[in-house]
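Across the two complexes that follow, subunit A remains constant while its partner is subunit B and subsequently subunit C.
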Partner chain A sequence: MNGKDSSEPMFIERLGAPLGDLVRTLREIFVLLGRTVRTVASERADRREVVRQLFDIGVESLLFIGVTLGVLGVISLYQGCTQLERVLPDFSRAGATYLATLVREFGPVICGLMVATRTGSAIAAQVGSMVVTEQVDALRMCNTDPVRYLVVPRFLAGGPMLLMLTIIGVCISFLGGMLTARIGWEVPYSTYVNLTMVHSHDVVMGVLKSLSFGYAIPIIAAHAGLSAHGGSEGVGAATTRSVVNCSFAVIVLDFVISSSVYLVVN
Partner chain B sequence: MIEFQDIHKRFGEREILQGVSLRVPEGTVQFIIGASGAGKSVLVKQLVGLIRPDSGRILLDGEEITHLSERDFYPIRKKCAMVFQHATLFDSMSLLENVALPLRKHRNMNDAEAAGHAQGMLELVQMGEMAHRMPADVGDGLRKRVAIARALTLEPRVMIFDEPTTALDPMAASHVDALIRRLAEEQGVTSIVVSHDLRSIFSIADRVAMIYQGRIRVDGTTDAIRHSEDPVVQQFIQGQPEGPMEL
Partner chain C sequence: MEIVGGLTMLFLRILRALIPPTFDRRETWRNLYKVGVQSYAIVAVTGFFAGAIMVIQTGDFVGRTGATGLLGWGAGFAVLAEIGPVLIGLMFSGRVGANNTAELGTMAVTEQIDALRALAIEPIRHLVVPRFMAMMVMLGLLTCIGDLFALFGGALVSQWILKVHWRVFYYGLIESHLLHEFLVGILKAACFGLSISVVSCYFGLRVTGGASGVGRAVNQSVVASAIGIWVVDLFLTWATYL
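Up next, the complex of A and B:
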């Protein structure tokens, strides 16, 4: 006997508990994804609700995304050109390099993280508050599948809207960089706008990332909301969990898609 | 007739229901009382499949419904409507759309038909003039009335009320009580009412069951409850802070 309370969890149990939670959460998210895809395939979605979500996720995020990526373009080109000036004062590739990075990496990832923060938290809070105030039970009493009513419209709107936001964000960021390069280092517009470094696989990678983030965020956020319990504290916890899980998913998907495309291309 | 037979339900470490058995005869107003967290709402939600029991059987008119699938519960939810504690109106819909939703979903009515029918139900609960307002624009008592109208649209044979008079002023609470009594007397609707409201219990209940420590402690008429010699029951109905009840 070591004199310790036998009910106290052992070290290995304490270590395993978060892992168990992670596995359970992942399993639940995949089950929700499966139910959502099955519902999309078998039933007609509520068009009015889909349009509302297209507006909420896309149009309402436009200013936020535009300003963020515009400022990022200015800062990135400022930093890039400052470094270039010190090493080899040749700015002919500044625009081309930035555009390639934007298309395959910066654009989709920054948009994904922004949407994860803005839209993911909103979805978790809306669904979570419906759960704790029994509105989801009331939906079930009205023969309305909560997945069909709450998750499917957000899922259908997420993919195309994130792609659209990424395209607009990339354009604004590229323009922001162009103005910085022109004003700070007198790089001619015709030199800056150079598409030679953007290959087809960069575009494919960017599109794949945008779509996958756009479809993943509503599912992960809705899962956080649907698993809310308790009162307002439970909704707050669900919102936090949604932002963390969605941001983490964006980073993991980014890594998986980047490495898969590079493996295929090379 | 509704029967709960030896129902067990656990949430994590805590076994909320530890073998609850209860029979609710047709056309009666059955109250279920007990301390907060005793499992009253958990028990009634099992009747409509919103929560599934770990073990035990639930029978509705002699037919076992314990293990029905979500889809197979659809017809049961047409027969048994529920008014939730929080009124649970959908914030994005007007009061009229809220009441019309079950008609569109359960009876496949088109929008115009459902709206016409829903307007009639709102007038029944004196809410006809406010049909196009949003839930956020009306008070708790009025929201509850709309929730009752929504539950009544499908002409259910069983109504489940989860704390229907909580947070209502005495006038609004009396309205709700009168409605529950009228449904039983005029339409033979069986009502299961989860409540702490002793005034309601002793004015409209036919039978009262008390859940204590995961089991039915007592089940009988209001007179039987009032004159019960069980000190736990007496402590609860007299609202005494000190006594044998373990909270």
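Up next, the complex of A and C:
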């Protein structure tokens, strides 16, 4: 790092360095995932700690999810109806179409991104400050596995809670859209609430997405926190890395699940 | 409430420092470079996936009706006006905003900001205004690049996954005259950059309490930035259709 003894890196090295970093980070994340799953399978998790994480990840994010998804509903219906007005002024399918996209795409993804932002950064900040103040080393000294004590409860809490947050978020967003359509375009509530366009594969896709985001975020955030080093600067860097990696994982997983479900259904 | 008041005060102090423009020019250039280069790759990849996902989602509706000409309109509109700027803004807030809070927070807990004050260098003019300018300008410009990659990703997906020829996608896009949406998207992105910079500087400057304080501040900063992005988006969506 001091740059004195290392000569200027060659072009190929500079080109390959980010790719090498990416591969290394991915491998470390999968190793952590493997260790977590093995610990979950072989030992009983600390139930009190799991409940606390369920509260931390789920209940504490509720207001944040409610606000952001509500705003999303208002914006989407506003955009959608102003576009429809130009093409064909028929708003009878607006609610049904919005609900379908919400269930399989925007609900899970926006909830995932918001949880990645809020919980991902919080986990990395907690774990990272434990690492730099040597509390994780202290755990090891006491013969407590940091993965079992720190990562497993968050991992177990992530999946179910993100699923529930998504369900609540979809409802709030749908309601926000309903009010917008009623006030702005006088779409009656009975026309707006229309479930005919939601197919079973949409619901399966939404549930699959939110569960996979929910299990991925704690692992990625804990990985970022555990790899923190240095003082306050290190914790800041770990938290930043966690937000980026988690949001990125959400987007990539979304693409993978969307395209594979599309290919399977069609 | 205290936070909203603090953010408003910081924003007013930034504006005050801009009239007359007596901020650090060299620092501004350095920040422009740093912000742009730091987030270039992430914006490009986010844009690519945003375009790809929107084409798949639009493809599901288009597939039922068979009107493949609408693919470019649907996906293009969603990406340029809404999803592109918001997703890129959220990633930018994670990358640059969080980094900025961590940097300023580290300076605050190691008393470097007090040292600047002791040397009669005002932190607003020296630290905050250059970052404010850099984020606002760069997020606007980066969104142009992100949009380009989004349309590229959309074309690839429509060709390979939807089996719709990429030319059909591009013709649909060009024929739907989305210049207004594109410009609205860029305007949105610049305003997101503005709100991200104010929020991240505010939370960075008031950090107390060592390493865990910095972590907590970054957490609060990204949450507040995300809320800021949605609120700005709501307001601008409403304002641009008046």
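Following the convention adopted for this analysis, the second predicted complex is superposed on the first by the 260 of 266 C-alpha atoms of A that agree within 3 Å, B and C clash if a C-alpha of one lies under 4 Å from a C-alpha of the other, contacts with A are read in each partner's own complex, and residues count from 1 in each chain.
Here is the rule we use: a residue touches a chain if its C-beta (ideal position, glycine included) is under 8 Å from a C-beta of that chain, and two chains touch if they have at least 3 such contacts.
From a predicted model like this one, the values you see are computed outputs, not experimental measurements.
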TODO: On the superposed three-chain arrangement, identify whether subunit B or subunit C touches more subunit A residues.
DONE: C
Open item on the list: Which partner chains sit in contact with A:L113 here, subunit B, subunit C, both or neither? Use first/second/both/neither.
Closed with: second
Open item on the list: If we overlay the two complexes on their shared chain A, which of subunit B and subunit C does A:T133 touch? Say first, second, both or neither.
Closed with: both
TODO: Overlap the subunit B and subunit C contact sets on subunit A and report the shared residues.
DONE: 133
Open item on the list: Going by the contact rule set out above, which residues of subunit B touch subunit A in the complex?
Closed with: 45, 48-50, 70, 74, 77, 81-82, 84-86, 88-91, 101-102, 105-106
Task: Partner subunit A, residues of subunit C touching it in the complex - done: 41-42, 45-46, 49-50, 52-53, 56-57, 59-61, 63, 77, 81-82, 87, 90-91, 93-95, 98-99, 101-103, 105-106, 109-110, 157, 161-162, 210-216, 218-219, 222-223, 226-227, 230-231, 233-234, 237-238, 241
Task: Complex contact set, residues of subunit A against subunit B - done: 133-135, 137-145
Open item on the list: So in the complex, the part of subunit A that touches subunit C is made up of which residues?
Closed with: 18, 64, 67-68, 71-72, 74-76, 78-79, 82-83, 97, 101, 104-105, 109, 113-114, 117-118, 121-122, 124-126, 128-129, 132-133, 231-240, 243-244, 247-248, 251-252, 254-255, 258-259, 262-263, 266
